[in-house]
Structure formats: C-alpha cells, structure tokens
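Look for chain A in each of the two complexes below; its partner is chain B in the first and chain C in the second.
Our next item is the complex of A and B:
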C-alpha cells in the first residue's frame, strides 16, 4: 500500500483541530449564541406568535421598572439570596469545620449524610417538603404540636408570611451539605504548619480561625458566595414545585425566574420575558462584581 | 518538517486509517459518528416524513382522556381510512410545546386539547395569527347528520362555549360541562342530624357550620386559602343576567373588582379566620385532602363531575359514605351550581386537512355511545346534550350512596354560569388568589368592619395591575 500523499497529511494536520471543535462551535452558536442575541433583540419587542411582534424601543424596560409584580419577584429573590448567603453558608462552614476534625468518629458517615440531600432530585425534594409542610397532617406541624403544643393548622405554604421561611428551610436542607463539601476541600488545603506556628505564638482557637483558616479558604469562600448568590437569583424549581405556577399565596414565592417563565411561557410574551432575563443578568453581574470587590479579589498582595 | 508516516505493505485497513489519521483511532471514530449522525439528521429533516406516526395527530393532556380516545380510535380510523397518531402530553408541557412548535414552524397536531385556564393565552395577538382555527362556521351551519338539521351550537350547553370564544370567534369545542356540587360525608351528616335538603342557601349552610364546627377537629367545608379555585367557583355562582361575576365579561373587560367580587371575598374570609369560621384548608387534592375527608376533618368539598372520579379512585373505602348535593344558593331560589375547570379541543390553523380534523373532533366529542361509556369510566358530563339520554348517565352509583350521578349533574347543567376567556385570564386568577391570601393573612376578626374596605382596596389594586398589562397589549 502506498503512503498517503504528503500534502493530504499536511492539510489534515492543519484542519483536524478545527474539525474537532466545529461540532461544539456549531452547537454553541445555534443553541447558545443565537438565542442570546435573539433574546436581546426580543427585549425590544412585544410579541405574540411567530409573526406578531411590535417594536417598542425601551418600553419593556420602562414597564418593568414600574411593574409591581417584578418588584415583588426581585424582593422575594433578594430575601432568599440573603438567607442563602448569611444563613446557609455559615452553617455549611460550621459543619465543614466540625467534620474536618480528625478525632471525630464516623465523620465519613456524617459527611455522606449531610451531602446526601443533594443526591436526590429537586422534584423529590419539592414533593417531600410539600408533604412535610402540609396542614394539618404534615410532619413539621405534627412535630411542633407534639413538642410545643403548636397549632396543627399552621399553613406553611398557604400563608404569605410563612412561604419564604418554608422555602429557605427546604433550600437549607438541600444545599448546606453541598456547600459543606467545598469548604471541607478548602479546609484540607490550608497549610497545617500555619496552625502549628499560630499555636506556638499562643493563638487561641478563634484567633486561629480568624487569622489562619479564613484567609486560607478565602478563594473558595468567595467562589461559594458568588455561586450561591447566582444560584439564589436563578431560583425556580423549588417554588414552582412547592407552590405551583402561581407562586403561592399573594405571590409570596414569586422569584424573578418564575416571573420570567410566567411571561414567556404562560402569557406568551417572549419580548417581556427577555427583558426580565437581561435585567436579571445585569443584577447578578453587578452583585457578583460587588461581592468580588468587597472580598478583595482584585486587591494586589502587598 | 516531519515526514509523512509510512504504511507497511499488507497492513490492515485499521492500521492504514490509524496511520493516515494521526490523532488516533478513537478521535477518528468520534469524527465518523459525528459526520454520519449529522448527515442522517439532515436527511431525516429534509426528506423524512413530516408526521411521526399517522395521517392525523391529536394531543391530549389527561391520561384518562387518552385511554378513552384510544378506545375510540379504531372506529375512527376504519370509518375514515386514516391513521391517527394520538399522544398524551403532560398538562403543563402541552401549552409550552404547542407554543414553541407554532413559533418555530414545526409540526403541530391537527387537534389538541387545552385546559381552560391557559386556553385564553392562545387568543392573544392578531386574529390571523391565532394558533387555532375558528370553528364558528362549523358549529352554526345546519348539521347534515341530524334528522332535523339542527346546528351543533344549539345542541351544546351554550355557556361552555364562552371560555373558548374570543372577539366573536369560537376557537375550541368544549369537552365538558363541569357543574359543581358539594360532595359530603352522608354518614356523618346523618350522625350530626344535618339534613342536606335544608341547606338551600349559603346562610343556611353557614348557620349549620357554626353549630357543628369544633376548632382543629371538624369543619363543615373544605375551602382554599391560597389559590383562586374555590373563590372563583363561588364568584361564578354569583353571576346574574344583569350583573356578571367572574374575571372578564363577554366583551373581554375585566370585572374582577366589581361589587360581586367585593361581596364574595368579604363573606369568604371570615369563613376561614376567626371565631365564626366553619372551613379549613387541607387542600383540594392529594394525601392531605384524602385524609381530611376520611377523618371527617372537613365534611363537604366542592365537587365538579370530574372530581367524583378522584374520590372513587383515591378513597375507595369511602364507598357508600359519600353523597352529592347542589351548592347552596346565594339567595333563596338562586343558582344551585357553578363551574370548575374545563377542556377544549382546538383544530390548529396549520392542519392540512381541517375537514378530517373536524370529523375527528366530532367522533371523539359527539358520539353518544362513546360518551355514555366514557361517563361510566370517567364521570365527566359532556356538553353535547343529545348524549344525555344514554342510560349510562342515569345509572345508580353505589359509591355515591346509590345516587344517579349523571342525572344529578344533568339537572344542574343548564344553570352552569358562563365564564369568558381572555389572554389575561391566568394573570387574573393569580391576582384573585393573591388578594384572597393577603386578606386572609391581614384580617383581624376583632375589627370585622375593616375587612370590606381592605378587600375593595386590594381588588382595585389588583385590577389596576391587570388593566395596566392589558393596555400594553398592542395587538
């Protein structure tokens, strides 16, 4: 058999990398880039159906600013994000610190237990907690009644004041263990000699945590905070599953993404939904940048 | 520069390929697979059949409907010499898939069932751009299959066309009537000495409720606290010829903040909060609802025809203990029913053969024998009145303490109030639910005089928000 021609080999050698990246590029452009560009264009239209589009300039954005439902969605999402960052993450870090102790017996079992909620699907969690929160027979009410004699009729998912605590509790159950894994990995990478030096210098446990542990895990902590914030602002499945399409009593569980979904896929106005989407993207970007700035990500080491 | 690799004389094909393609066998296979599958998809799109499994396609969103239509399918296929592709698509997915397929210019079913709430969202936009074909002509023309050539529109419960009528055009054939009755625990009623025949008005009902309610243990009525389901049942019931009640009137104008709605919520809230309460909210479906009914925690529930199947299916052990009664009227001699839910069958605008799609709609929705047999299985009363004489509608049902289920619902069918479709219907439902939930949360039973102004203010605000959205609609 003859050798392949030299020019064919050279051409193949030159083109092969492009051939390999072509499927990704084609798919990304079709399903990633094109929809992104299209959604920017759509945000300047009011739409209904394939041919019905009316160009409205910035009217969608102007309407959004005065839209009370959007304001409510932003507020709900913000509250959820605040709880995610200020309640969930300290708990995750606390658990990680606890399970990082070498003298803790059965710590691998505990790690698995705390992480396992993340292994089950969101649908499962939504359904499970809907039953737990149900009045008057839900596990939570029955437990509180047994322990403190509280009313069995506390309607967690039917009372606008209790919906957000219920969502936060559910998210807490699901994500505390997941974020704990990040912190655990970070803790195990902190240089042990720093602790030894701190001990020699007479630092107590709190001082070691503040001056050694926290700086040591800072890159991961910033990553988890940013990720949690973005995740919270993208909250959709949990309230959708637990409260239904109408976002619970008095829209108490309405999040920005739910509102986007309602407008795009229930009302059928993809233009307004795109406007909400891009506003959300801008909000998340600003928040992430602010968090990174405040945490000193861009500060140069002296 | 590297020299090209050599090929050993007599080497196998794979070895030749490996040498000619310098990145190894695995990437070569990946590349081959990508090219072959890409070409296949391209060819399938360009030259493949445009329809998956038949000459005609139909989507439904309810498993029970699907099973019933599967049974009716062979007769239709035989009669018309076509193959029907019947699909059961999840309720939430059906509207999304329909919309996405329509917008993307992909294949649509010829006929599709859509639930009453999202149906209105398809009526948005210019008339020529609405997904569904206008059925007005087909419904109003003389029907050649009827000995008296009566148009179909005169043989269907008229109010059931209203949710699917928009700007004077009828876009859907109604699947059902869905009159609402009260399902009650007949055994406990007897034990407590309650005569259902004496509960003629809601005033009578509330009076009895206050007598038998034991807080946290027993309530007379199951009422929704957060959604709009129960509120809208009671709101529709208040419809009068000169005073519409509901979300929208026949002209598509929002009426959510009218006096009927204010009166209703002012009456509704104290039923659930405070010392005069007679109702609880264990939910309208699911395990808690079942347990609440079985335990006698709530004695009565709103029960349209479709929900009777749920009772039978979810709590068979309650057989012989349940009974149905008409809703108490708002005022003496008033309407004894309302309506909850519904389904339409629409024929899509792009259907290549609308005539055969219409025949399919008639076959599935207007064959008296099929409808009778279907009622035996699903308990859903069809709006096609010619079918009501079928014996199945008048059989006694042991589960319902030997009541004639169909007869009971048929008696109320003509009283079912009209509800009107709108692209903003789901928004209006959501707002009614929100107003109800916020009033329930903020109601102070020690200051009952503050309730009515609060309801009025919040309904007005909700209506203003909806009108603002409606004004934005440029179509």
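Our next item is the complex of A and C:
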C-alpha cells in the first residue's frame, strides 16, 4: 500500500462500512424494529383511534381466546393453508415433473404460461375472480353450464359453503405455476448420474421418484412448504376484494389478517389489532418451526 | 408406439393445464373489449366488427385513470429506487467488510423476517399519523424504503465479489463508495434486474398499507382505486375488467423485459440453500 496513505483516505476506509449500513439501519429501526416493539406494548392496551388508550394487561389476549369471530377467522385461515400445502403444492410438483422431462419441446413457453397468473397482482386477481364467480354469467358458471349443464344461478360468493372452495380455487390458479418454478429449479439441480445409477440397479420410475428425486429436492420442498404456509396465513386481499369488508355470508371468508384489519382500521382499536397480530405471528412461527423440525432440516447429514 | 402415446399424453396434459391457466386471462381481455349488450351474448370475444372501447371510455369518465396510473408508477418507481440503493449499499457493507455490530444487524434482521409484517401495522399507522404523514406519498414510500429481503439478496450475490478486485481498486486510489459504485454494482447487474422486478411487483400490487393511509381519491394507487370501483360497480363487469386489464399491463410488460433475470433471482436463494 504505497498509494494515498493520507489520513483522510485511511479514515474513509475505516468508516465506510458504518456509513454504508447507517441509512439502512436507521430506517429499519424506525419503521421496522420500533413498530415491532411498540406493537407488543400496544397489545396490552385498548385503544380508540391513535390517541386514546387504556392499559388492560392481558385482557386483550383473554378476550381473543374467547372471541368466536377470531376462532372463525383462524379456522378459515387454517383450512385455506391446508389446501395450499396439500393440494396446491403436489400439483406444482407434478407440473414441474412433467416440465422436467428430457427432450420436452416448448418448455419455456409452458413455463411462462403457467407462471403468468403471478403477474396479476393479488388485488387484481381478486377483482377478476369476483367476476368469474359471479352469477349468472361469470365464466365459471358459464363453463360448468356448457360442459355439464350445471345451473347458472350458483352464486359462489354468496353461499357460505362455496366461499372457501372459491378462495382455494383462486389461489390454486394463482400459485400452482409460481411454486412450480421452485420445484423445477430444484429438479434440474438433482444429480443426473443418480438416476443412471438407479436405472442400472433396476429401480422403476416410482422408486426413482421416491429415493432419488424427493431426497434431492427436499431442501427446496421444505422451503416452499414453509413459504406457502406463511403466505396462506397472511391471506387478506383475495377475500377482501372478492367478498367485501364483511367477509361474505356468515363470515365464511373471514381470515386472521382481515379480522386484524377490521378491528384496527375499521373499528379503530389498534391495541386489539396488535394482539391479533402477535397471535398470528406466534401461530406462523410455531407452524414454520414445526415443519422444519419434522422434515429434519436441522438434523446433521450422516 | 408406447413412447409416442406417452408423448401425446404428456403434451395433452401440459396443454390442458396451460389452457386452464390462460382462460381467465383471455376472458379478462375479452370482457374489456365487449360492449354491455354483448357481454352475455358472447362468452369470449365478439366478432371483430363488434369490438368496443365503451368500457374504457366509461372507466376514464368514472375515475381519473391516467392520474391513478401516474400515482402508481411514481410510488412504485420511487420505492424501488430507494430500496435498491439502500439495500445494495447495506448488502455490500455486510458482504465485504468486517465491522463492529455486523453480526447483531444480521441476526436481528433475519429474526424479523420470520415475523409477519401485519404485526407492525397498528403501531406503524400510529407513528405515521404522529409524523403527519397520513394521506401522503411520503407516508407510503418511507416505511417501505428498506427491504431486508433485498439486503440479503445483495449480500449473497456480493459475497462472490473477489477481494483482490476491491484491493486493486483501493491501490488505484478508488474511494470505498467508488468501489461500491464502479465495481460492486456493475457486477451485480443480473441481481439488480431481478430485485427491481420483484420489488416493483410488490409495490405496484401493494394494497393493505395504502388502503390504510390514503384518504383522498386523487392520491389513490391503482389497487385502492380498483377496490373503490368494485364497491361502486359490482354489476358493471366490463368496466371492472377494463380497469383490471390496464392495471396489470405495466407489470406484464416489465416482466417480459426482465424475465430471465427474474426467474434466476427468484430461485437463487432457494436452490443454493
């Protein structure tokens, strides 16, 4: 080091990393960390708008445990998450397996096509599907009528039993292709020679899938499962746009985040909203950690 | 023979799924170019001679759509630029320097990534109100100005930057910021493309936060305006579809430009594990 050894040059070298992270850290602390800590505090208050607050200890949590609307919201959210993981992800994987076939022509075209719903933002999907599910001339009713002679009058979003299937179907359309991208990338990373070895050993296609493919894509699969679960628990825009602020007939589309929004920003109780938020966070954390634990993500490889 | 049959089944299955995926989008386009009287008569497109722009005309009469589009572009564009600068600068520091507090910063950020953002909604709203930023673009942009995800993305890609290259730059008298600006940024270009698209889509489609803090119609972003339109026009499907179509187009165009970077950026973190 014989070039500018002036003290200014040396100082900027020492200070540089601090200067580089400072804007990030300051903004993060103000708009990330501070609200996070403040929300813990807020969850012990009953508030009415941003100004008036009453300290109530754990009353919010106690009330939440017995709140039938919250139970309904958790149940709906849970059902939606179950379908996301157990219906949507297997379909994504299946599609990825199809696309991963050797010598497949037009792979990129198919991939782009399957992925395309993800380009439509959640809100816009909500608007589009509120019309698709409409009676009598929504696309779904017209299609089912044309194919099976089903009734045109089925009002999907007005029937408490059909609201959840409608939401699941919409999410299916939106995310099957998106999650497929992860699986496809993982499949393409599986060591080809393992398949050759398995073939030599006489393994059939099913055995190959079970003993070569699945272990090969496991890290990505766990990642996608955890991500889907977390995403499902944050469901808000779809039901809000498709069903309106009151979450459809009989609260059939009420989700946890929707309930948080209603309490915090329609009723104006920011304290209770924070309580709901932390309960949501706890549920998500427990589920994600359980999934990672059950899948053996933390076990050391032999 | 069996092989050919398998191929036919494979392509049929793929084409079928592709069809199911595209049908809602085709229907979206079809519904926006049909006049009200043709809406129920034709399931998809009417004959070309009956194509109509009536839905778009009606849309532009009902809301200042150009203004809304500009709002959305402004908010999304600014947010992406600010996020990009802060995240890449922070990511560069965390990847290529040893300094005090580095570990704590990373641990705290990783920990907060696990917590759903909705937890902060209430106190953040309170904070923004106290700063008198409710119903302003600043209140929309500033809380979203840092992206922890982006910071980790850039840290990850800049870790591969050879130290010798930076050292050579220093010997040539380049300042530390110069190293970031002239070496780190140009080398991270694919990651920048991916990040810009992901961040742009996130902001463009963001609903909950703008819905909470925006009150005046003229400041609305497209998702908020569309939600309002749904409330007003539950029955006028054509107008709704026209509004949706126009709102989706900018993202689709950006995606087609950046798709290669996007797909590799999306899976980079996951596959490398």
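Rule of thumb we're sticking to: the second predicted complex is superposed on the first by the 294 of 302 C-alpha atoms of A that agree within 3 Å, B and C clash if a C-alpha of one lies under 4 Å from a C-alpha of the other, contacts with A are read in each partner's own complex, and residues count from 1 in each chain.
Note that a residue touches a chain if its C-beta (ideal position, glycine included) is under 8 Å from a C-beta of that chain, and two chains touch if they have at least 3 such contacts.
Predicted model, so just to flag it, every value in this text is computed and none were measured.
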item: Room on chain A for both chain B and chain C (clash or fit); value: clash
item: Touched partner set for A:158, first chain B, second chain C, both or neither; value: first
item: Partner chain in contact with A:63 - chain B first, chain C second, else both or neither; value: first
item: Which superposed partner A:219 touches (first chain B, second chain C, both, neither); value: second
item: Partner chain(s) touched by A:237 [first = chain B, second = chain C, both, neither]; value: second
item: Touched partner set for A:82, first chain B, second chain C, both or neither; value: neither
item: Partner chain in contact with A:42 - chain B first, chain C second, else both or neither; value: second
item: Chain B versus chain C as contact partner of A:137, first or second or both or neither; value: both
item: Residues of chain A touched, compared between chain B and chain C (which is higher); value: C
item: Partner chain(s) touched by A:284 [first = chain B, second = chain C, both, neither]; value: second
item: Which of chain B and chain C A:23 touches, first, second, both or neither; value: both
item: Chain C collision site on chain B, chosen from 19-27, 181-189 or 325-333, when both complexes are overlaid on chain A; value: 19-27
item: Chain A residues contacted in one complex by chain B, in the other by chain C; value: 1, 3-4, 9, 12-13, 16, 20, 23, 50, 131, 134, 137, 244, 265, 270
item: Residues on chain B engaged by chain A in the complex (per definition of touch); value: 3-11, 16, 19-23, 27, 31, 34, 92, 95-96, 99, 102-105, 118, 121-122, 124-126, 129-131, 216, 225-228, 280-283, 286-288, 291-292, 297, 423-424, 426-427, 429-430, 433-438, 440-441, 465, 472-475
item: Chain A - residues contacting chain C, complex; value: 1, 3-4, 9, 12-13, 16-18, 20-21, 23-25, 27-28, 30-36, 38-39, 42, 50, 95, 98-99, 101, 104, 110, 112-114, 116-117, 119-124, 127-132, 134, 137, 139, 142, 146, 173, 177, 181-182, 185-186, 189, 219-220, 223-224, 230, 233-234, 236-237, 240-241, 244, 257, 260-261, 264-265, 270-271, 273-274, 277-278, 280-281, 284-285, 288
item: Residue numbers on chain C that touch chain A, as the complex places them; value: 10, 13-14, 17-18, 20-25, 27-28, 31, 39-40, 43, 86-87, 89-90, 92-94, 97-99, 102, 105, 108-109, 112, 114-127, 129-130, 142-143, 145-146, 148, 151, 170-173, 175-177, 180, 201, 204-205, 207-208, 212, 223, 226-227, 230-231, 237, 240-241, 243-244, 247-248, 251-252, 255, 259, 263, 266-267, 270-271, 273
item: Residues on chain A engaged by chain B in the complex (per definition of touch); value: 1-6, 9, 12-13, 16, 19-20, 23, 46, 48-52, 54, 56, 59, 63, 68-69, 131, 134-138, 151-153, 155, 157-161, 244-252, 262, 265-268, 270
